[in-house]
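Please find the structures below.
Heads up, the next two complexes both have chain A, just with different partners, chain B and then chain C.
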Partner chain A sequence: MVVSIMGTRVLRKEDPKLLTVGGTYTADLRDARLEGAAHVCYARASALGAVSGVDVSGALATPGVLGVVTNSDLADFPLQPPQMDLFPEEMLRRSWLVDDAALFVGEPVAAVVAESVVAAVDGAEAVEVIYGGGEPATVIDLEDADGDAEVIFGEVGTNLALNLETVDMSTGFSDGDFFEDCEVVIHQRVENHKVAAVPLEGRSVACCWENGSLTVWMSTQAPHLVQGVFRNVYDLSRKDCRIIAPDVGGGFGQKVNHSQEEMLLPELARRFGRPMRWTETRTENLIGFGHGRAQVQRVTLGGDADGKVRRYRLEVICDSGAYPGVGAFLPYFTHLMASGTYDIAEIETRCRSVVTSTAPTQAYRGAGRPEATAAIERAVDIFAARCGRDPVEVRAQNLIAPERFPVTTAVGTEYDSGEYARALEKALEASGYEDLRREQARRRAEGDPRLLGIGVSCYVEITAGPAPGGKEYAKVEITPEGGARVLSGAFSHGQGHLTTFAMLASDSLGIPIEQVEVIQGDTAQIDKGVGTFGSRSLQLGGSAVCDASNQVIDLARETAADILEAASADVVFDAEKGFHVSGAPAVAVSWADLAERAEAPLSADSNFFAAASYPFGAHVAVVEVDRETGEVTLERMITCDDSGPLLNPMVAEGQRHGGIAQGAAQALIEEMRYDPWGNPVTSTFADYGIISAAELPSFELVVMETPSPHNPLGFKGIGESGTIGSTPAVQSAVVDALAHLGVTHVDIPCTPERVWRALS
Partner chain B sequence: MHWRMKAVERVSVTINGAEYSHEVEPRTLLVNYIREQAGLTGTNIGCDTSSCGACTVHLNGESVKSCTLLAVQADGEDILTIEGLADGERLHPMQESFRECHALQCGYCTPGMVMAAVSLLKENPSPSEREVRLGLEGNLCRCTGYHNIVKAVLHCAAGASATNGGAQ
Partner chain C sequence: MIPAAFDYIRATSADEAIAALAEHGDDAKLLAGGHSLLPLMRFRLARPAVVVDIGRLNDLKYIRDEGDHVAIGALTRHRDVETSEVVAAKVGLLGEVTSHVGDPQVRHRGTIGGAVAHGDPASDIPSALIALGAVLVAAGPSGSREISVDDFFAGFLETALSPEEVLTEVRIPATDGAWGFEKFNRRAQDWAIVGCSAAVRADAGVGVALVNMHPTPIRAGATEAALAGGAGAAQAAEVAAEGCDPTEDLNASVEYRQHLARVLTRRALEAAGL
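Let's look at the complex of A and B:
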C-alpha cells in the first residue's frame, strides 16, 4: 500500500544547493547575456527640500564612470503608471528621479553608471545636490501630517492622501453617542510604528536588451506582476519582455512591488548600450524603498460590566510616506479585520492615510491585518482590566462560537471557518497558564525585581484576500521519462514550493517526488502567474497544481484505454499502480508508457480561483521585565496557529517560527525612526534593531487543523500568522508584568527606556 | 606623514584548497575579493556594517566576517568558504543538520550561518541552547526566527558527541 506523502515532513529539494554552493541570487549571476554589464549606483538625497540643480561634474570626472543620468535627462521618458489611482493626482505624479524637490531622505537623485560597482559608488559620492528655491515642508509625525500643520503637496492643499470611507473601505463614524448603551467604555491611543522588512538580500536587478527584447533578472516576489509593469513602461509585448527571478533572498512583502530604481534600469541599459546591473546596499534598503505598518490608532471599546463586549470603534491614521501607494491602501485590511476573533454587535471604522516626509509605506508581512489584531487585542486587554476580569476569561466570553461559521462580522467580512476558543484553550494549556499566574503572584508578593508578565492574543486574518479572493496559475506536464514538470506562477523565495508543490503533484499523479521538477520565476517558461505574497501560494498555486494534475489524469485516461483495449469509462487511475481496468490492477499502464504513446506531451493547466481564507490562532507570550532597568526578556512564546490541513508540517512550522520572530521583534526592539528633520536614524543594521538569536527563545508550537471550505484541500495561508499573533501577545505580556503597578498601556516597541519610563 | 598608496596590490590566498592570485585595489574587502575575483558567490553580502554575518568564512580555521578584512590582509592565508565545506558529495555534518532540521528558508544567510556554526562547535563542542544563541548573535536570519538554526547546531553537536562515544 502506498502511504500518501501529504502531511509528511519531506526534506526540501532546495537545500542541497543552498547549503553547498549557495543560492544564485541576482548579484551572483554570471549569465553570458550580462557579459560586459555596466553598474549603477544611485546618488540619493541626503536632506529634504527644494532642489535647484544637480552638479554631476565630479561624478563624470571619476575614473570608471561612464555617465550620469538625472531627472532632467529623462524628460522624454514617460512616467511610470501609479501603483493604484486612489490618491490625488498631484501625489501620483512621481518623477523617476528627484526633480525640483526631495520629498524624503534617500530618494534617488541621479543614476551614476560605471564600469564597476566601486567606480559607480565613487561617482555617486561626487554628485552634488544643490538645494534651494524654497522652504521645504517637513512633516515627520503622522499625527502632525493629519492636522495639516504643514502641507507637503501645496497644490493638493492637504496631506490627506486617502479617506478610505470615500471608497467604501471603512464605515465612518455615526453621529450621536455610539456607546450610549455600554456600561464600560475604554479608550486608548495605540501606536503601530514603522518597521523595516529587511530581507537579508536587498533589491537587486540586472537587465539586457537583445534586438528590442528585454530580459530582466530581478529579486522579486512576483515575476509576472512585475512583467506587467515593465511591459507598460517600455511598451513591450509579453514575448519581448522576459522576467527571470533567480533565487531570491527573502521578501516579506517588500519585493511585491517595484521601485523607481528597478524600473529605470532598462532605460539606462538602452542609453548606454550595455547590460546593466544594480544591487542596493543595506542602507539603501533601509532608507530608499519604504517601511511597513506606520499607523496610529484610536480604539474605543464598550460593553457590559461583566465583560461582554458590544461596540467597537477603530480610528486608523496611516502614514503613507512621501508618495502614497500600496501602504496608503492597507488600512482597508485593518478595517476588514477590525472585529478580530470576537462577536461584536456594532463596529465603526474610520481610516485615512496621510503623506509625510518619509519613504513610501509598503507591504510588510501581514500588511494591514497585524494592525487590526494589535488594535482589538489591546482594546480587549484594557477593557478586561477595567472590568476587573482576567483577560483570558473576557476573551473566551466574547470569541465567535464555532457553530456560527461561516460568519459575517459587523464590518461585513465573512470568515470561512474557525474554532477560536479551542485554539485559545490549546495555547493556554501548553503554556501552563494557571501555573504562570501563580508564579506571577508569588513574585509580586515577594517583591521580586524580575517582574513576570503573561500576554495572550487571539487572532484571525485574511489570506489570499481580500474578498472575492485570488487566482494562481500552474501547468503540469508529463515528461518523456514518465516524470512530471510543474510550472508554477507562484514564486517561492524561501517558502519551499520546489518541495511542497512537488509533493502535491506526486500525490495526485503517483510519481515519486524525486521525478517531479517544479519550475518557477521565468515568464518565458510560465505563461501566467501572480506571485507569492499575502500567504496565498498553497491555497491558490497549490490548488492549481492539484487541479492541473487531475486534468492530466483525465486526459491520459483515453490513451490508457487504447493501450488496455478497454472503454475509457472502465479505466481507473490509482496512484500506486497507474491506469488499469477497474478490478484488474495486474495489467496497468504507467506514465512512461503513456508518454511514449502520446502524440503531444501530456499536459494541462489551471488558473485556479479560490475565495479568501481566514487562518486563526492564539499566542501566549511570557516575559520577564527587570524592574530596575526596564529591560524585557522574552522567555517563552507558545502559539497555536491553525491554517487548515498541513501539507508539510516542517515547512509550515518554519513559516510560523519566522513570523513569530518578526512579530516579537516589532513588540520588543525593531523600529524605523526619523529625526525631526527627516533624517532616517536607523539606517544600518548597527542602528536598526533587527532581532537576533540572542533575544529570542525557542518557540513552543501547538498544532490545530481546521479546513477552509474555500479550496478542495482545505488549505489556508500560514506565511503571516506568526507575525500577526505574536506582536500583541508580547506587548500584552509587557503591560501585564507592570499591571500591578498601575500601568495599563505601553506602546511598542517596548524598549527598556519606554518600560523604565512607564515604571517611573 | 608622506606616503603613497599603490594603485593595486597583489593578493595570493588559498581558498578551499585552491591557489588564487590577483591584483586588487588595496581598499578591496575580502568578501568582494572572494565573490568577484575568486568567483565564489556562495558567500553573500547582507549589510554594510559587519552586523549580519552573511559573509562569514573561515580564515586559518577560525570564522571571520569577510567584510571586516581587506583582501590584502588575507594575503598568504588559508580561507574556507561554504563551497569548500562538504567532502565532495558528502555534506559536512553541519550542512546535514541544517537540512534535517529545516534551518534554512531563502538560503541567503545560510552559508555564513553554517560557517559560523561550524566554528562555534569547534570552540565549544557541546554548547547549551543559550550558548548557541549567544554564539550566533552576529549572524542574522530573517526567515527562520533562529528556532531551527539553534536546533540544527544542537543536533549537530549531539551527533558529533554520539560518534565520539557519546561524551556529554
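Let's look at the complex of A and C:
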C-alpha cells in the first residue's frame, strides 16, 4: 500500500545544495552571456535638498570608470510606470535619478559604470552633488507631514498622498457621537514604527542584450510581475524579455516590486554596449528601498462595562516615504482587517498616507495586516483593563463564534472559516496561563525586581487577498522516463516549494517525489506566473499543481484505455498501481508506459483562481522586565497558528519561526530611524537591530488545522502569521509586566530606555 | 563597503613595523586583528595610504605568568585570553570581560593590543585593564617604554602612543581578589550600551572602570574613592557617573546612561563581594 506523503515532514529537497556548496545568487552567477560585464555603483544623495548640478568630472577621471549617467542624460528615456496610480500626478512623476531635488537621503543621483566593482565604487565616491536653491522641505515625522508643517511637493500643496476614503478603502468617520451608547470608551495613540525588510541577500541584477532581446537575472520574489514592468519600460514582447531568478536569499515583500536602480540597468547595458551588473551593499539595502509598517494609529473602542465590545474607530496615518507606492496603499489591508477576530457591531476607519523625506515604503511581511492586529489588540487590552477584567476573558467574550462562518465583519470583509476561541484556548493551555498568572501575583506580592508579563494576542489575517482573490499558474508534464516536471509561476525564495509542490504532484500522480522536479523562476520556461508574496503560494500555486496534475490524469486516461483496450470510463487511476480497468488491478499501465505511447508529451496547466483565505491564531508571550534597567527578556513564546491543513509541518514550522522572530524583533528591538535632517542612522547591522537566536526563546508551537472552503485542499497561507500575531503579544506582555504600577501603554519597540521611562 | 586603495606591508618583526611606521608617519596604520580598523576602512572613514600588517608577529602572541603580574603579548587573540588558565587564575576579570567581546568569530581575530590601541570608549577590554591597574609597553624607534593605563587613553580613539610606536605587551598585576563585570546591551553580540568592571586588587584597593560612559574608557574615580572611604556597594555606586561625560546615541540618552552606570556598578561591586 502506498502511504500518502501529504502532511509529513518530508526533508527539503533544496537543502543539501544550500547547506553544502551553497546557493547561486545573482551576484555569484557565472554565465557566458555575462562575459565582459561592466559594473554599476550608484552615487547617492548624502543630504536632502534642491540640486543644481552633478559634477562627474572626478568620477570620469577615476581609473576603470567607463562613464557616468545622470538624470539629464536620460531626458529621452521614458519614465518608468508608477507602482500604483492612486496618487497626485506630481508625486508619481519620479525621475530615474535625482533631477532637481533629492527627496530622501540615499536617493540615487548618478550611475557610475566601470570595469570592476572597485572602480565603480571609487568613481561613485568622486561624484559631487551640488546642492543649492533654498532650504529643503524636511519632514521626517509622519504626524508632522500629516499636519503639512512643511510641504514636500509644493505643486500638490499638501503632503497627503492618498486619502483612502476617496477610493472606498476606508469608511470615514460619521458625524455625531459614535460611542453614545457605550458605557466604557477607551482611546489610545499607537505607534507602529518603520522597520526594514532585511533580506539576507540585498537587491542584485545582471542583464544583457542579444539582438534586441533582453535577459535579466534578478533577485526578485515575482519574476513574471517584474517581466511586465521591464517589457513596459523597454517596449519588449514577452519572448524578447526573459527574466531569470536564480537562488534568492529572502525578500519579505521588499522584492515584489522593482526599483529605479534595477529597472535602469538594461538602459545602461544598451548605452555601454556591455552586459551590466549591479549588487547593492547592506547599507544601500537598509537606506535605499522598501521600509515597512510606518503607521501612527488612533484607536477608540467602546462597549459595555462587563467587557462586551460594541464599537470601534480606527484612524491610520501611514508614511509613504518620499515617493508614494505600494506602502501608501497598505492601510487598505489595515482597514479590511480592522475587526480582528472580534464580533464588533460598528466599525469606522479613516486611513490616509502622507509623503515624508524618507525612503519609499513597501510591503513588508504582513503588509497592513500586522498593523490592524496591533491596533485592535492594543485597544482590547486597554478596554479590558478599564473594565477591570482579565484580557483573556474579554477576548473570549468577544471572539466571533465558529458557527457564524462565513462571516462578514462591520467593514465588509468576509472571513472564510475559523475557530478563534479554540485557538486561544489551545495557546493558553500550552502556556499554563493560570500558573503564569499565579507566578506573576507571587512576584508582585514579594516585590520581585524581575517583573513577569504575560501578553496575549488573537489574530486573523488575509492571504491571497484582497477580494476577489488571486491566481497562480502551474504546468505539469510527464517526462519520457515516467517522472514529472512541475513548472510553477510562484517563486520560492526560501519557502520550500521545490519540496512542497513536488509533494503535491507526487501525491496526485503517484510518482515518487525523487522523480518530480519543480522548475521556477524563468519566464522563458514558464509561460505565466505571479510570484510569491502575501502568503499566497500554496493555496494558489499549490492548488494549481494539484489541478494540473488531475488534468494530466484525465488526459492520460484515454491513452491508458487504448493500451488496456477498455472504455475510458472503465479505467481508474490509483496512485499505487497506475491506470487499470476497474476491479482488475493486476494489469496496469504506468506513467512510463504512457510516456512511451503518447505522441505529444503528456502535460496540462492551470491558472488557478481562488478567493482570499483567512488564517488565524493566538499567541502568548511571556517576558521578564528588569525593574531597574527596563531591559525586557522574552522568556517564552507560545503560538497556535491555523493555516488550514499542513502539507509539510516542518516547512510550516520554518515559516512560523521566522515570522515570530521578526514580529518579536519589531516589538523589542528593530526600528529604522532617521535624524532630524533626514539622515538614516540605522544604516548597518551594528545600529539596525536585526534579532538573532540568542535574544529569542525556543518557540512553543501548537497545531490547529481548520480548512478554507476556497480551495480543494483547504490551504491557507502561513508565511506571515508569525509576524502578525507575535508583535502585539510581546508588546502586551511588556505592558502587562508594568500594569500593576499603573502603566497602560508602551509603544514599540519596547527598548530598555522606553520601559525604564515608563517605570520611572 | 570597499576600502579606498592602500599599500600593504607585511611586517616580519616589531622592528620592521616600527621602521615602516617611521617611514610613512601618519599615512600608515598598523593592522592587527583588523576588527576595528577594517570596518572603518570599508566605510572609508579611515583611509590609510599604507597598512602595516603585524598580524603574523608570533613572538608577540603569548600569555606569561610573571609571578606578581601576567604579561600578555599585544598580538594575543581574545580567544586565547578568554581560555587561558593563567588569566583565569591571576587576572580573572580580564578573562571574563574578554569572553563578552562580540562573538566567537570576533574573538578569534581581535587582539588585546588592537583593543587597547584603538582607544575605543565602547570597548570592554580597557575597563578590565583600568580596574586591574595594567601597564602598557610600547616600542618605538628609540626603544621601549612603559605607560600606566591611567595615562594611556587621551581622547576619543586617541591614545598616548606616538605614530611610530607599536604596543608590544600588556602587564596586569596579579590578584586573587574577587571581581564583577556587567555589560548591558540589546543583542548578545552587541557592543555595550554601558558596562562596568570591578576588581579587588592585591593591595586590597578596589578598581572600578566604565565602558561607554565618556569619550575614553574611564575609571569610576568617585566610586573608588567612596569605597576607599568605607562606603558600601550601593552607596559607592550612586556616584559612579560622576566625572563622566557620556553622549547620547541611538540606544540611550545621557540620563539613562548615567542611570545604567549606577545600576551596573552596584551589581558589579556586589558580584565582587562588596
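Quick note on the criterion: the second predicted complex is superposed on the first by the 760 of 760 C-alpha atoms of A that agree within 3 Å, B and C clash if a C-alpha of one lies under 4 Å from a C-alpha of the other, contacts with A are read in each partner's own complex, and residues count from 1 in each chain.
The rule is short, and it goes like this: a residue touches a chain if its C-beta (ideal position, glycine included) is under 8 Å from a C-beta of that chain, and two chains touch if they have at least 3 such contacts.
Keep in mind that this is a model prediction, so the values were computed, not measured.
Within the superposed three-chain model, A:N550 lies out of touch with both chain B and chain C [touch as defined at top].
Within the superposed three-chain model, A:T283 lies in touch with chain B and with chain C [touch as defined at top]. By the touch criterion stated above, A:R673 is placed in contact with chain C alone, chain B being left untouched. Contacts of A:T744 after superposition: neither chain B nor chain C is touched. More residues of chain A are in touch with B than with the other of chain B and chain C. Within the superposed three-chain model, A:E628 lies in touch with chain C and out of touch with chain B [touch as defined at top].
In the superposition on chain A, A:A694 makes contact with both chain B and chain C.
In the superposed pair of complexes, A:L18 makes contact with chain B only, with no contact to chain C.
In the overlay built on the shared chain, the residue A:E753 is in contact with chain C alone; chain B does not reach it. Contacts of A:G659 after superposition: chain B is touched, whereas chain C is not reached. Under the contact criterion defined above, the residues of chain A that touch both chain B in one complex and chain C in the other are 118, 281-283, 686, 692, 694. Remark: chain A residues 117-118, 121-122, 125, 281-283, 628-629, 631, 669, 673, 681-682, 686-687, 689, 691-692, 694-695, 751-753, 756-757 touch chain C in the complex.
Against chain A, in their complex, chain C makes its touches with residues 1-2, 4-5, 44, 184, 186-191, 193, 250-253, 256, 259-260, 263. By the touch criterion stated above, chain A contacts chain B in their complex at residues 11-12, 14-16, 18-25, 27-28, 30, 118, 198-201, 247-250, 252, 281-283, 493-496, 650-651, 653-654, 657-662, 684-686, 690, 692-694, 696, 698-699, 722. Chain B meets chain A in the complex at residues 25, 27, 35, 39, 41-49, 51-52, 54, 82-83, 85-86, 91, 95, 98-100, 102, 104-111, 114, 129, 132-134, 136-151.
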